[in-house]
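Here you go, one structure.
Order as written gives the chain letters A, B, C, D, E and F; numbering starts at 1 within each chain.
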Amino acid sequence: MTRTNNRAADALRPVELIPNVNKWAEGSCLIKWGDTHVVCTATIEEKVPTWLKGAGHGWVTAEYGMLPRSTANRMDREAKKGQQGRTQEIQRLIGRALRGCVDLRAIDGMTVKIDCDVIQADGGTRTASVTGGFIALYLALSKAMKQKKWEKLPVRDFVAAVSCGIVDKEPVLDLDYQEDSHAMTDSNFVMNAHGGIIEVQGTAERGTFSPEEYTKLLALAQKGIGELIQKQRAVLMTGTGNE
Amino acid sequence: MTRTNNRAADALRPVELIPNVNKWAEGSCLIKWGDTHVVCTATIEEKVPTWLKGAGHGWVTAEYGMLPRSTANRMDREAKKGQQGRTQEIQRLIGRALRGCVDLRAIDGMTVKIDCDVIQADGGTRTASVTGGFIALYLALSKAMKQKKWEKLPVRDFVAAVSCGIVDKEPVLDLDYQEDSHAMTDSNFVMNAHGGIIEVQGTAERGTFSPEEYTKLLALAQKGIGELIQKQRAVLMTGTGNE
Amino acid sequence: MTRTNNRAADALRPVELIPNVNKWAEGSCLIKWGDTHVVCTATIEEKVPTWLKGAGHGWVTAEYGMLPRSTANRMDREAKKGQQGRTQEIQRLIGRALRGCVDLRAIDGMTVKIDCDVIQADGGTRTASVTGGFIALYLALSKAMKQKKWEKLPVRDFVAAVSCGIVDKEPVLDLDYQEDSHAMTDSNFVMNAHGGIIEVQGTAERGTFSPEEYTKLLALAQKGIGELIQKQRAVLMTGTGNE
Amino acid sequence: MTRTNNRAADALRPVELIPNVNKWAEGSCLIKWGDTHVVCTATIEEKVPTWLKGAGHGWVTAEYGMLPRSTANRMDREAKKGQQGRTQEIQRLIGRALRGCVDLRAIDGMTVKIDCDVIQADGGTRTASVTGGFIALYLALSKAMKQKKWEKLPVRDFVAAVSCGIVDKEPVLDLDYQEDSHAMTDSNFVMNAHGGIIEVQGTAERGTFSPEEYTKLLALAQKGIGELIQKQRAVLMTGTGNE
Amino acid sequence: MTRTNNRAADALRPVELIPNVNKWAEGSCLIKWGDTHVVCTATIEEKVPTWLKGAGHGWVTAEYGMLPRSTANRMDREAKKGQQGRTQEIQRLIGRALRGCVDLRAIDGMTVKIDCDVIQADGGTRTASVTGGFIALYLALSKAMKQKKWEKLPVRDFVAAVSCGIVDKEPVLDLDYQEDSHAMTDSNFVMNAHGGIIEVQGTAERGTFSPEEYTKLLALAQKGIGELIQKQRAVLMTGTGNE
Amino acid sequence: MTRTNNRAADALRPVELIPNVNKWAEGSCLIKWGDTHVVCTATIEEKVPTWLKGAGHGWVTAEYGMLPRSTANRMDREAKKGQQGRTQEIQRLIGRALRGCVDLRAIDGMTVKIDCDVIQADGGTRTASVTGGFIALYLALSKAMKQKKWEKLPVRDFVAAVSCGIVDKEPVLDLDYQEDSHAMTDSNFVMNAHGGIIEVQGTAERGTFSPEEYTKLLALAQKGIGELIQKQRAVLMTGTGNE
C-alpha cells in the first residue's frame, strides 16, 4: 500500500490549528487536518443543566454537525430530519474527551459548550473535533481567567485524539477517508499529554484485531497524539491569540 | 448617525467572493460581506421532486442554516429542535431568488440544491446567501456544461440581493446587525442585472414607510445590487476558478 | 383577460366581515372574501412569552392554518406532519402586520393571540387573515376596555391587506386562485389607514417586475386597502357586535 | 337538575344539518348541534392505503381536529405539538363508525376521507362528527354514483351517534359541556337505522354504572339516534343539495 | 366453533398473576393470560402534573407499550416512530380504569404511574394490562402504607377487565388473537368487585350487536371479571409478595 | 473493595441463557446476568435496506430499549420522547458486534433484526444484549437452515461481550451498576471464540487508564468472554431448543 503523498505509516497528515476565527465566541479554532476542516467554538454559559444543580461542579458538553455538502455526496440536513445515531455517538465522545481535561469543581455553576461543525470532511472528523475543540475550550477558559472569573486556569491537562487502523494488513496512523473505507479495522484514541488514555473506540466490521495488533495501534496513537499536543502547545503558548 | 468606518449612506460594506472553496461540491463560494461569512455550495442531483415528475422542467431549491455560535449569543442547534419559522422563511426566499435566474426547461430531470450555511453573522445573511449562492450555482452549471450535460449555460441572468432600511430617519444601504437592530423599517431586495425586481420583502415593525421612502430604498438597492453584480462578474469571468 | 364576473382590474371581490361569530373568544370575525372564508379569533392571555418578561410591553402574535379540504385537492393535516414552511411564513407575516397596529406598551404583561383558520380557500388567504384578524383583535381589545383593563383603546391605527399582481401584462387588484396561478408576479401589501406601508412581500417566480410596475401595484393596493378599511370601520362603528 | 332551556331528560338539543357548505369537497355538511358546530367534508381518493392493496375492498377513514379557540380556554394548536391521544381516540371512533355503514367491496381501490373540524365546541363533538360526517360521506358517494363510478349507492345503512350520561343520578340524553363536566358517568353510542349497535364507549371516572343504568342509557340513545336519523333522511331526501 | 383446548364459551384462558417480579419498582406483576404476557410496574412519584397542582388530590396514570416482536409479525418500535393512535387509546383506557379504583384525595400530591409492557401478545393485552396493573398498583400503595405514607390503603375497590365478543354468532368470553380476528363484534369491559361498570368499549366493524346480544356479553363479562378478582384477591391476600 | 457475594475480581456474575422464550420470533433468548435481564429476539425479514440493494449481501442490525422501570428511578418512555443518544450508541454497538459474526454474503437479500429489550437493569445491559442477542441470532439462522433457506449455517464465529473497569485502583471483570457508578474507568469488549477483538469501547470520565492497565482489562475480558462463549455453546449444542 502506498499512502497519498507517500506518507509514512506512522505519519500524520499536515495539521493546521487557526485560533480565534470567530468574532463572537469566547474561544474558537479552525482545524485543517489534511482535507478535513472543522470549525470549533466554545461558549461559556453561566448556568448548569437542571440535573446538575447543587452538585458542586460545572459541566462541559459538545455538539457536532456536518454541513450537508461537507461530504462527497450531499447528506440530508439534520435540521430537517433530526440528529442521527452517528452524530449523537460522536458528540457524546467529544464531550467526554473534553470534560475529562477540565477541573469541573473550579467552574461550578457554569457550562462550556463546544460546537464542532465540519465544513469539509476527509476522514477523522471526530478526532479533529476533539483536537481543535480543545483549543477553543482552552482559549475560552483563558479569556474568562483574564476577566477574573477564576484565578487559575481550570485545565487539568492537554487532550488530543487520532485514529489508527489496519489497512492492507499494516497498522497505520491517521486514516483519511479513502483509507478508512478500505481498513479492516479502525480505532479512535483520545489521550492526554501524559500518555493517559481517556477514551478508546475500536471497531472491526470486516475482521477482528488481535490483542497484539491493538497494542501496535495504541503505540502509533501515542506517537501521533504526542505530535498533536506539541502543535496545540505551540499555538497556545506563542500568543497568536487576538483578544 | 455615523456608520461604522464612516461608511456613506449609499455604500456597501466590503464584499469578498471566494469561489471553489469546497473540495466536493459541484460549485461553491465563501462570501465575506463585512463580518457576515456564508459558505454556499451547489449540488446537482439527477432527479426532481416527486411532485415535479413529468412537468418538463428541472428545479432549483435552497436550504439555509446558521452555526450555533455564528451569533453574539449562542443559538440552539436546529438539528436538535427542528427548522424554525425564520429559517424556513429565509430558505424559501433564497430558493425563489435563484430559481428565477435559471432556465428550468434546460435542466429538465435535474435538481440543483444550494446550501447556505452562516459561519459568522453580522446582518444581511439572507442577502449574502443569495449573492454568494448565485456564484455557487453558476459554477456548478458551468462545470456541468464542460461535462457536456448541456451546450449552453442555462443561466438567464445574474442575481444579487441587498437590504436597505431607514435608520434615524435616513435611508441607508446594506444594514449591519447593529443598524438593523435600530432601524425603523427594513427591506430586502433581489434584482437581476437588468434592474428587474425578483423579490421584495419589507417590514416595518417599529413604524411604517411612506411610498416615497420606499421608492428611495428601491433606488439605493438598485445601486448596491449593480455593484454586487459587477463583483460577481469579475469573479466568474477572470478564471479564478480552480477546476 | 376577462376577470370572473367582469370584475374591473382595480376592483375588489365582494368582502363580508361578520363579527362575533365565536361564543368563546374575546373577539372574532368570519371574513368571506369572494370564495375565501377565514375564521379569525382573538384570545387575550394574561402573560407574555418568556423572552419578553420585564421588557415593559406586551405582545401580539398570530397562528394560521388551513382545513384539509379548504383547497381543491385535499391537503395533509398539519397536526399530522407539522407546520410547513409556507404556514410559518404566513403566520409570521400576520403577526407582524397586526402587532404593528397595537400600542404594545399599553398592553404590558399581556399577549393577544390571533388564530386565522381557513375554512375555504380561493386565493388571498393571508390578506384575508390580516384584514379579518384586525376585526377580531379590535373587538377583543374593546371588550377588555369595557372590562376596565385599560382606559383607552390601545389601537394605533386600522390595518388591512391585499394582493396585487401582473396578469397577462396588466396590473390587477386582488387576485383569486385562478388568477394567482397565472400571474407573472404577485405582491402582498399591508397598510394602515394613513397609507403607511407596514409590510410588502413581492415575488416574481415567472419573470420580474420593473420599478415602474411595482409603483402601479402599490397604487392599486392603496386603493383596495382604503376600501377595506372603510368596510372595517363600518362593521366596528355601527354596533353590529352582539355582546 | 334543570337542563338549559328546560330541556327534557330525553330531549336532544336543536340540531341543524347544512349540506354542501364547501365549494371543493365531494361531499360536505356543517352540523350545528346546540352550540357545537362541526364542519365535515368527504374526499374520495382513487387509491387505498399500502397495507390494503389487493385486499379486494376500499377504505373509509376519518380525521378530527379542533380550532384552537373552539373551546372556552384556547387550546394549543395540534399542528404545533402533534395529534394528542384524545384526538386519535376520537378520529379512530369516527372512522370505525362510518366505515361500518359503507359497502367496502363496492368501493374497491378507493378511500373516502372524512375530515371533521370543530369550529365551536359545547359537548358532544365526537357524536356530532359521526352524525354530520355521515351526511358528507353520503353526498360524496351519491355524487360519485351520478358520475357513474358505481351503479348502486354503496351505503348499507344510515348511522348517527349520541351521548348519554347520568347527571345528578338521572339518566339524560345528549349532554352539553356543562352537563358533561358534572356527569358521574357518560357513554357514547353509535347505531344504525335498524337499532343495531355499531360502537359503545362508556366511562365512569367519578363512579360506576350498574348494568340496569346502562340499559336505560341504551334506551335513551336509541330514541335520540332515531330522531337524528330522521333528520338525516330529511336533509338527504328532499334535494337540498346544491350540485 | 370449537375453541382451542375445548374451552367453553364462558371460560377464561388460564391466568397466572406473578407479583413482585421487578427489583426496583414500588409494585409489580407479570400477568400470563394464555399466551399474552404483560409486565406491569407501579411507580410512585411525589409530585402531580402541573395542571393538577392545588386541586386537592393526586393522580393515577398509565402507559402501554409492546415489544417489537411481541406479535406474529414484528412491529416497528414506537421509540422510533412515536406512539401510535392505538397505543394512546389503550393507555388512556388503562389509566381511567385504575384511576377509578383509587381514593385520589388520599394520595394528594402524588402520582402513581402504571407501566404495562407487552412481552408477548395473543389477544386481550389491554384487559391483561388492567388486571395485572391493578396488582402492581395495589402492591405499591400497600408498600407505601407500610412506610407510613398513609394509614389506610387508598384503594376503593378491586378492578379487573375482560373482553367478550360474538364469534360464529355465539357470545364468548375472553377472545384470543385468533378468535378476535374472526369476531363479528368485540367489546372490552372493566368492572369492580361489586359488579359496577367502570368502562365499556365495544366495536362492531363487521356487523352490529343488538341490545339483547350486548346484554349477553355483559353477563359473560360479569362472570369472567368475578373469577379474575378472585384470583387477584388470592395473590394479594396470601402473602406471596417477596418484600 | 469487597464485591457483592464476595465475588473475585476476575469472576463473572451468574449468567443464565434461556433460549426460545418467545412464541413468535424466529429466535429468542432471555439472558439473566446477575440482576440484569434482557429479552432478545431475532426476526428474519426477506428484504434489505434500500441503500444495500444489489450489494450482493444481506444485513444484520439491532435495536435496544429499556422498559421505563427497568432502572432504580423510572425513566421516561422513549416512545414519548424519541430514542436518546445513549440508546443509539448502544444499538449501533450491538449491531456491529453481531453483524461481524455472520456471513453476510450467505444471507443475501435478507435482514436479521435483533431486538434487545431490558426488563431489569443492573449494569452491563449492552454486553448482555450482545451475548444474549447472539443466541437469538444463532437460533433464527439455524431454524432457517432447517427450512432449507441455506445449506450451511451462516455463522462465522461465536461472539460475546463483557465490561471491565478499574474500581478502587483494582482491575475487575463484569461491573454491576453499583461498581460501575464508582469506577474510575470502564471499558466494554466484544470478542469472538478465537480471541479476536471485534469492538472495544473504553471511557475514563473520572481519570485515565495507562496502556498497562488497559492490557490488564483486556486480559480479564478474554477470560470472561471465554467463559460466556462456553455457556453459549452449552445452550446451543445440547438441544434445549423447543421448535
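Just so we're on the same page, a residue touches a chain if its C-beta (ideal position, glycine included) is under 8 Å from a C-beta of that chain, and two chains touch if they have at least 3 such contacts.
What you see is a predicted model, and the numbers here were worked out from it, not measured in a lab.
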- [ ] Report back the single chain whose CA centre is most distant from the CA centre of subunit C.
- [x] F
Open item on the list: Farthest chain from subunit A, going by mean C-alpha coordinates, please.
Closed with: D
- [ ] For the Cα fit of subunit A against subunit E, please give the angle of the superposing rotation, nearest 5 degrees.
- [x] 120
Open item on the list: I'd like the Å distance between the centres of subunit A and subunit F, where a centre is the mean of that chain's Cα atoms.
Closed with: 29
- [ ] Give, as an integer number of Å, the spacing between the C-alpha centres of subunit B and subunit A.
- [x] 33
Open item on the list: Nearest whole angstrom, what separates the Cα centre of subunit B from the Cα centre of subunit D?
Closed with: 51
Task: Junction residues of subunit D - those touching two or more other chains - done: 82-83
Open item on the list: Taking the touch definition from the header, please name the shape of the chain graph: line, ring, star, complete or other.
Closed with: ring
Open item on the list: By the touch definition, the chains form a closed loop. What is the full order round it when you set off from subunit E toward subunit F?
Closed with: E, F, A, B, C, D
TODO: Sort out for me which residues of subunit E touch subunit F in the complex.
DONE: 22-25, 28, 35, 39, 41, 43, 45, 63, 65, 67-72, 74, 77-80, 82-83, 87, 113, 115, 117, 119-120, 122
Task: Partner subunit E, residues of subunit D touching it in the complex - done: 82-86, 88-89, 91-92, 96, 99-100, 187, 191-192, 194-205, 207-211, 214-215, 218, 222
